[in-house]
Amino acid sequence: GSGPGTTARADGTLSFTVAVVEPDLTTVPVLAAVDAVRRQGHDVDVVELAAPELAIEGLAQGEYAISAEATGPALSAIEQGAPIKIIADVVGNQWALYGRPGVASCDDLDERPFGIFSSGAVATAMAKDWVRSHCTADNRPRYLTLGGSDVRAQALAAGEIDATPLELSDAVALEASEEPAASRLTKIADFARTLPDLHPQTVYANAGFLGEHRDVAQAFVTALVREHARINARPRHLARLARTYLPGEDEADVVRAAERYRKAGLFDAAALTPRNMQGTIDFFARAGVIGRGVTARDAADLSFIEAVS
Amino acid sequence: MTLTATPRRTRRGPGTRAGPRPAHRPGPLRRFLGMNLPYQLLTFAVFAGGWELYARARGGLLLPGFTETVRATVALLGEAELWRALYVSNQALLLGFALAVVVGIPAGTALGRFRQFERYADVYLNILLVTPMAALIPLLVMSMGVGPASRVVLVALFSVVMVIVNSRAGVRQVDPALIEMARSFGADERRIWTRILLPAALPAVMTGIRLGLGRAVTGMVLVELLMVSDGLGGLILTYRGLLKAPPLYGVIAIILAEALLLVSAAHWAERRLTRWARPNEPRSLSASGPRTARSF
Amino acid sequence: MITVHGLCKSFTARDGETVEALRDVDLEVAENEFLTVLGPSGCGKTTLLRALAGLVPWDDGDILVDGEPVRGPGPERSMVFQNFALLPWATVLENVAFGLRLRGVARAERAERARSLLATVGLAGCEAKLPGELSGGMQQRVGIARALAVRPRVLLMDEPFGAVDEQTRRLLQEELLALWEEHRLTVVFITHSMEEAVLLGDRVALMSARPGRIAEIVPVGLERPRSRDISGLARSGEYAEITTYLWERLREMHAEHRRDGVAS
Amino acid sequence: MATLVSLAGGAALWELAGRTADTSSLPPLSQVLGRLAEMTREGTLVGSVGDSLVNLALGLAISLVAGLAVGTAMGRGRRTEAALGVYVHALLTAPSLVFAPVFFSLLGAGRASIVAVVVMYAVFVVIVNTASAVRTVPPHLVEMARSYGASERQVLVRVVLPAAAPLIMAGVRLGVGRAVTGMVNGEMFIAVVGLGRLVTEAGGRFDSAGVLAVLLIVIAVALGALALVQAVDRVVTRWTPTTWKDAR
Amino acid sequence: MITVHGLCKSFTARDGETVEALRDVDLEVAENEFLTVLGPSGCGKTTLLRALAGLVPWDDGDILVDGEPVRGPGPERSMVFQNFALLPWATVLENVAFGLRLRGVARAERAERARSLLATVGLAGCEAKLPGELSGGMQQRVGIARALAVRPRVLLMDEPFGAVDEQTRRLLQEELLALWEEHRLTVVFITHSMEEAVLLGDRVALMSARPGRIAEIVPVGLERPRSRDISGLARSGEYAEITTYLWERLREMHAEHRRDGVAS
């Protein structure tokens, strides 16, 4: 079944829950899509959670119908047999490796502090992957385990570390901040380019929900694809959405960041294909997050995005 | 119960009824039940059974069964990674806690001795007691960086309040007669501190150290969960991110065990160091030990 | 009235050692008698009294009150505690009425009885005070009033004037004797003051320590009523005679005690 | 009075330090207050405070009821103490936050989980203090009551609980402090609502002034709750100082 | 030796009320005299002794010891506290040596002197015990040994035997008299036991309360040395005479006191 969190109402509309994780700019289109579904008469509850694992747990239990965040935990859950399917992209690979001014390649990082997150995280995996392929054996940085992207951004600005992978929004915030060193950060590698098949953040849903309420799920995905299209077409659309859904944020910051996300073409819910889905799975398998043997067919149901166009 | 015989009955009249409640010599079953162990085992069994059943009935990705967790814990104990994490975490714990003790005891004793000082500092102590340190972590990172220093400071911040509050309480309840006695023998303020205040406050200080130790463990894990995902907190994040529930709970169990171990050790040290402070008569009414918690 | 027969009681201390607090205690207290119990510290006086009150179980022997075996606290007995045992959060009036309240006496009657007893013990006007605001002597009088409030026939008193200064003590002794004479109570009065034991008691039960037992019961022939002039009595020849005798007995016991290696 | 003076002094010191230090991590007090005013105007603050207060009140109420009941049982019954003592102490010292996933699994991300975190933070201090308060009730008072034929329940209601009140209240004060911490942490680490949400958001923006502004509110809430408890404490334990003065 | 002249001392209580603890106290204590001070509770006895010890400042008047004004604690005076004031964490030996340690006496000498004094007060063998392991009487003897260890010429004793049971008390009194006879000390001894005041003192200073003042000084003509048989003395006619007189005086004072509305 579709789980305890979803109920069909007498008039044929649904009541279900969407979980978002620490909402930021990348979540805004999802929230806009939820509103679109609501306009069709469905009652959609949005809960904000503190960590993607909590969302996954809720999805697996059927408490939530849809959620969107890190792909890694979703794959882990799927590998363990949880009824979860990836249905769309939420934001492209927004990570890049940033370094202190003057740091351009691995040669500058020999034995230098290099900030990473805990070993399961995608940022850590990407960074290590990059080091493996770009650095020689006797030319290795010294890993320093720090907190999330925001913590690492601060550490980079303060000169505590020489390089670290950052989310786009944190890089933008850092560049805009008053710290003098921050504005001169160098982008050492853009993971969107070096790992083109990797989709680290996706939309996923409870499999039972998808089976029983295909129409609602389709409506959601369609709405999301539309929102993304609108954002890409009109520069100020994302900023306007942000004003609605992230009222507390600083206006200027949001506009600046929105522009960067749009320019980088990161918003494309339909970007998932069987090929890059498999590429993503292979990446996580390489990184040790999941074992080998998960296939794109197990993990994803791309029929929704295919049905949009 | 030892093997010493109960006192020999001098006389037992026919059909005597001994008192309001007869004081029989307890049988072996009663004696076994008189000990703590059976009750501890009982609650443990209830707890483990309840856990296992619940997890089986509606276990999620983040809620493993009890047996799985035990197996994962045992497996973890064989892994170098765990021991490295313990080593890393405990470094911060040790330094931070030492800092808390070094700062907290003098601060607490001074607060207890000088009323005026205390009146002004009291509100800050209250603030320190209720401030959610987790919210301060981003600020701490910004001002102190992510190096070991900020971890140490955070652990210290977590535990120092307990040490201060209890040292203060300890000094406050020093018998003024002892201070007067020392003065009558010509002791100066320094001697009063070293010879009277500190030793007399020791039991309360040790209680503070014990409570502070518990808080320090919290601080250690929290800082790793939020700021530096290394050590035990890092392991938690990793296993959580991978949705590997059994080892996740294994790490939590190990943290709990460490906390309990440290606190027991502190308790033991406390009892060794402050033997004199324990009431040696079960019915003694006056010397019921320091009323530490009272003055929070 | 009270018959104690072959009473034995041991404690097992925390270290597992057994202390024989009472061994084979035999005692008879007649109706309306004032019996004082005198003995060195730790000889088991309090234990004996708690057994009489039905507050502790004992190992062997019987206690009968009016021929009925004692199985717990009873309404005919009432205890005055060495350390007063007043409830520090309750007013003087509430403290005196405590026993009545437990027995379900109605509020108005409680208050009335408590008030009149407070007047009897000279504490009229202190009804609303807290025990902490009273001197030791006043606190003890509250304790006595509380014990009397439940109209007991037996008053068990555990060193009631031990913590009170000598002048107040004399006054309290006189008041107690007056109460006893008026209410025809049976009193078991524990003390470690020889003077007090002699001045108040009809008989003095001398206890020895380790194991606690009744070493001797000494009748006191001083005239009654004594409540008028206790101090005068203390200067009589008869008083001196009994005291000298008791003092020697105690000294012997004390010496034995020390010889047995138990320091004072 | 002393409290106000020293608060004013601290505020002045903060302002001064903030102005001279000139790092983004320690904004001067005026800036923080400005931010606070701004947040109030935006309307985010009031709703969040309301949310948080409901969580706090629920959690605290459960903690008090459960804490007093379990604590009293542990203080009176050796077996209960034996059965629960280890767990209570383990959970008292344990970092409560690691249980966040458990609560989430059991209770979901709603109010229930956050209230559970609040309880987790607050209840054990209350239990431990209540147990030790009940255990240290002067035995002679209990014996006195028994000598007047008090039943077990009468002993508990008329003697044990009143006598234990001061220490119990001390535990409650600690519990309140812990509950506030638990409230913020629950709101930061399970479901992002209330004041915890504001802190998280401000922290994510490197908005020190914002973090400190919310923190000021949290501390104000905590001190308010503490003042309330202290007022109750004063009523419940009016009798203590007088006896203690004489007990020297 | 000690001269007190016009000593006045008030306390301001926490509620702002002023308590006149001592008013215009005049007192002379001769070299090697044993002066006992007797008075009702709260009359200012302890305050007077603390002033003599130099532990509290006073408002007016002078205290001279050997003609020198007292400005603080001095090595020639040494105090025995009512509640013993032993360090609970230190062994008996360390407690006795406490004053010596503060005065910088070397460890070996400290231990030797403490040991010999412990033997004097009958506590040889208890050196390594903690105070909590001793009975009240033994603790008080530790306090006396500590006071004697610094070889004072004046011993100030504040109700030292108040908390001790009567039998032990008598023994301690005898031991104290023997020490005093041997060491030729000057002793100011506070008590609220009339018997004790008479049996120990060369003179009894009677104090009255609110304000605390010396009401009368009564010389005691009992023969010396008395340490051998205090109890015998207590039965002498002379003892009875002085006691009767003191008792009447105290009773008068007590009555005045009560009339003045200050309950006992």
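To keep things simple, chains are lettered A, B, C, D and E as they appear, and every chain counts its residues starting from 1.
The rule we apply is simple: a residue touches a chain if its C-beta (ideal position, glycine included) is under 8 Å from a C-beta of that chain, and two chains touch if they have at least 3 such contacts.
None of the values given here were measured: they were computed from a predicted structure.
Minimum number of contact steps separating chain D from chain E: 2.
Comparing each chain's Cα centroid with the centroid of every protein Cα atom identifies chain B as the most central. Note on interfaces C-D and B-D: more C-beta pairs are in contact across B-D.
Averaging C-alpha coordinates per chain places the centre of chain B 45 Å away from that of chain E.
With centres set at the average Cα position, the gap from chain A to chain C is 82 Å. Each chain gets one centre point, the mean of its Cα atoms, and the points for chain A and chain D are 37 Å apart. The residues of chain D that reach two or more other chains are 24, 101, 104-105, 138, 140, 188-189, 203, 206, listed in rising order. Residue positions of chain E touching 2 or more other chains: none.
Listed for chain B are residues 60, 62, 138, 142, 177, 240, 285, each touching two or more other chains. Within the complex formed with chain D, the residues of chain C that make contact are 50, 53-55, 72-75, 78-79, 81, 83, 85, 87-90, 98-99, 101-103, 130-133, 150. Contact residues on chain C toward chain E in their complex (touch as defined above): 40-41, 135-138, 165-168, 171, 192-194, 231, 235, 240, 243-244, 247, 250-251, 254, 263-264. On the chain A side of its complex with chain D, the touching residues are 19, 22-24, 47-51, 53-54, 57-58, 63, 150, 154, 173, 177-179, 247-250, 253. Of all residues in chain B, only 175, 177-178, 180-187, 191, 195-196, 199-200, 202, 274-277, 280, 287 touch chain E in the complex they form.
Of all the residues in chain B, the ones that touch chain A in their complex are 58, 60-62, 138, 141-142, 145-147, 226-230, 234, 237-244.
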